[in-house]
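A, B and C label the chains in the order they appear, each numbered from 1.
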Amino acid sequence: MLDLLHDVIFDYTLRNVALGSALLGIVGGVLGSFAVLRRQGLLGDALAHTALPGICLAFMLTGLRTPLVLMAGAAITGWIGTLIIIKVVQDTRISEDSALGIVLSVFFGIGIVLLTYIQQSNNANQAGLDRYLFGQAATLVQSHVITMAVLGGAALLCVALLFKEFKLLSFDPEFAASIGFPVGKLNVLLTSLIVIAVVIGLQTVGVVLMAAMLVGPAAAARQWTNRLSVMLGLAALFGAAAGVSGAMISVTASRLPTGPMVILCMTAIVIVSLLFAPERGLVWDAVRQRSSRRRILQGGPG
Amino acid sequence: MDSEEALDRLPVAVRDLTVAYRDTPVLWDVDVSMPEGKMIAIVGPNGAGKSTLIKSILNLVPLTSGNVTIYGKTYKAQRSMVGYVPQRGSVDWDFPTTTLDVVQMGMYGKLGWIRRPGKRERDVALECLEKVGMASYANRQISQLSGGQQQRVFLARALAQDAQIYFMDEPFAGVDATTERAIVDIMRELRESGKTLVVVHHNLETVPEYFDWVILLNVRVIASGPVEEVFTREAIQKAYGGRMTFLPDSVGEPSGPLRRAESLGD
Amino acid sequence: MNAEQTILLTGVFAASSCALVGSFLVLRKMAMMADAISHAILPGLVLAYFLANGPNLVFGVLGASLAGLTTVFLVEGLQRTGRVKSDAAIGIVFPALFALGTFMISRYFANVHLDADAVLFGEIAFAPFDRLIVAGVDYGSQPMIVLGAITVLNLALILFFYKELKVATFDPGLAAAIGFSPVMLHYGLMTAVSMTTVGAFSAVGAILVVALMIVPAATAYLLTDRLALMIGLSVGSGVVSAVSGYYLAVLIDVSISGMMTVTAGALFGLAALFSPSHGLVARAIRRSKLRERFAADLLVMHLSHHRTAAETFDSLAAELNWSPSWLERVVNRSTQEDTIQVESEAVRLTDNGRLAADRIAASLEPAR
């Protein structure tokens, strides 16, 4: 245990992995909370899948594997996917959930086509794009972590500054519009921040499972508190805890991809929160029900 | 038509307003003026466009034609004079926030960007909660409130807006008699201090008791004016069409048993 | 049968079996549930592999169906607790199960045939080499035979329960009232989805299964309002995507299943833009016509409402808050319809226009 702590502080790889996955957990938790409260949890899933063709295209166009370049590509196709979803839902008879499924799977298909195209075109530099499928935290280097920190820090700063605006936007958008908030612009901004959260997580958690890093911490945090500010804090904490522990397991036990490990840690937190959180825990529901049944059986209120 | 000066003193003037959602017109060439210091009911069957009228006054839906002025200027310029109580069902009451916090949202508009509510806002919010009899619920999570309590919280939020004109969409929906009384009392107090209240109302029975002025709406304005003048049997029948079999027997007459017109409406 | 024919036929079967169940998924707004199932069957497959000590068709189908149904139970159960909304419930359950599956694979079966990439995008090109051998007799390509069987099964299911599925999809209340349980049908459909997913899994992978289920069905939904036709069209567009996807993929040497998805997406894009009944273009045209029609009516109503002898262009533009060019367009149209006339800059109603105004006024009633 102490050894691991020592390594995290002094070992270059482990330090980067720990910092990177903590970052992604914090940013994903905070922005995921807004996504979940606005019932857009699955938009995160679609966004993550639509990032794949963006990563491939960015690589094909520039020949670079710099995280910033790939992230930019991912963000652009993520946004295009979101716009298509909005357009399809607004202007055709297709329901939101089909629109999500269509965009998610078709963009992922495009991504697979591009990925195989890059692989067969024998580019010496190509290796490693497929790590974006399941995530490979061990490949994080310092420059990646710095990029993630800058992007994530900017996103968190936005949330800190516009906390009350985002809160009202999520709770009662109509009232927000009536008192003059530019609801359309705030929506675009919040969605862009969610895109950033997704993009930050891609290298560590991967395209396929990134959605859970938005939804999981938020759902767990909601169990423990009735205040939005506390919920954001807890979600950040849970996200970071799952991110770091998952990444550590993956890096120290070789051959385990990072994404699934992070999600399994996250799921453990979610299950504990759903069952045992004071007030909202499901176990207490069951206990209350049983004791009230017993009271009735024993005749009369206790 | 009103002179420019008269328009300035009119809390709300709606001119030639037409609104369509997608392909279907919902409000057609609506012209109404709402006088100052009155309690004004908007009455009409489901789907008549009552909520839409309020939303178009508040600039929440695009207008196909016409315009709306608040004391002679656009809504945008006069926003701070307006308070709004949306339909209660329009929000998710499981949102992680407290009663006090929701009331403070009424002051977000005046706070401006970035600034957070502080001690002063807290005090005002508590005062507003006090007025609606909800002070002891200040720190409750909003999902633990009953329907009537939620409605009072929304009212308190509007009070916190400290407006000249209040728009309320069905404030009595799902509310018991006591709460209804309490809400009416607060409305009357507001009226006494010179505010204008525009209320979407469903219970025809209580219109003459609560309101000074009524707008009967069904896609077009059927009638609009002082209750004793325009709230007649004929006008109600016209607004509700064949869908109303029971008519409040003696609407427009001084006394007599009244029935809920909406009971057979849907 | 040569390799190419085998691959093509496998693709065609995959597309048809998916499209058959997909139509109901789209209509019942369960696309994302299908996505969840397609991911979540992974641990079921792994477990089956483990229990049967190797790839085994029967165990695989059973394990995956079980996992699929578990997903549906978990998602719906979570939702019922009221602690999370439906989107979050899906977003919690399927990543957890999928992560569990990939974890089991990399931990215990790192060297064997099951690998995570194949789970994601499958490899239909291997279909000819994966033989179905029972008691030493080679019956042909296993994925092709399995998918063919599932196609037949799904088709039989739909033919047999067509009426029930139709009623349960469009009016669950009525279905319950006339005596068949929408819940049973729901779980039946979910079982079919799970089984179809397992079958198509090895050919096209988890995510592209979803594409083949949802995308052709959505394409068909944009083209017709009739259920039977919709099912037919979705099978048709699925098959077209599979075949054209195959040839395109071979042409530029990329993933076949990926390309099938891309062509399915392209067909959807075409339908979304150009469907004569529900496409964006047709809709925009219809809307702009309607807008003009509506504006012309409004102008007539406005003039009749105000009962003024005549109004100038400027005052009309101000009152209606219309731009001069839009007003001019509407005035031109109404002049042609002979509802108004323009004399020296003043607009007035004609007798015909007054009649039109009365007719419009009479037709104004709220939607319900």
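Simple rule for what comes next: contacts are C-beta pairs under 8 Å (C-beta built on N, C-alpha and C of every residue); 3 or more make two chains touch, one makes a residue touch a chain.
The structure presented is a predicted model; accordingly, all values stated were derived computationally and were not measured.
Student: Chains as vertices, touching pairs as edges: which of line, ring, star, complete or other describes this one?
Tutor: Basically all the chains touch each other, so complete.
Student: Report back the single chain whose CA centre is most distant from the CA centre of chain A.
Tutor: Following the centroid criterion, the farthest chain would be B.
Student: Between chain A and chain B, what is the gap in Å from one C-alpha centre to the other?
Tutor: About 41 Å, centre to centre.
Student: Where the CA atoms of chain A average out and where those of chain C average out, how many Å apart are those spots?
Tutor: Distance between chain centres, rounded to whole Å: 26 Å.
Student: Touching two or more other chains, which residues of chain A qualify?
Tutor: 222
Student: Please set out, as single numbers or ranges, the residues of chain C touching at least two other chains.
Tutor: none
Student: Tell me, which parts of chain C touch chain B in their complex?
Tutor: The contact residues of chain C facing chain B are 82, 286-287, 290, 294-295, 298, 301-302, 305, 319-322, 361, 364-368.
Student: Note which residues of chain A are touching chain B in the complex, please.
Tutor: Counting only chain A, the residues touching chain B are 37, 161-165, 167-168, 170-172, 174-181, 222, 225-228, 230-231.
Student: Provide the residue numbers of chain C that touch chain A in the complex, in ascending order.
Tutor: Contacts found on chain C: 26, 29-32, 34-35, 39, 78, 81, 83-85, 87-88, 90-92, 95-96, 98-100, 102-103, 106-107, 110, 116-117, 120-121, 207-208, 210-211, 214-215, 218, 221-222, 249, 252-255, 257-262, 264-265, 268, 272, 278-280, 283.
Student: Taking the touch rule as given, give the residues of chain B at its contact with chain A in the complex, in rising order.
Tutor: Answer in residue numbers: 55, 58-60, 76, 79, 82, 84, 86, 90-92, 95-98, 101-102, 105, 108-109, 111, 113-114, 116-117, 141, 157, 161.
Student: Quick one: which bits of chain A touch chain C in the complex? Just the residue numbers, please.
Tutor: 36, 39-42, 44-45, 49, 88, 91-95, 97-98, 100-102, 104-106, 108-117, 120, 130, 133-134, 208-209, 211-212, 214-216, 218-219, 222-223, 255-257, 259-261, 263-264, 267, 270, 274, 280, 282, 285
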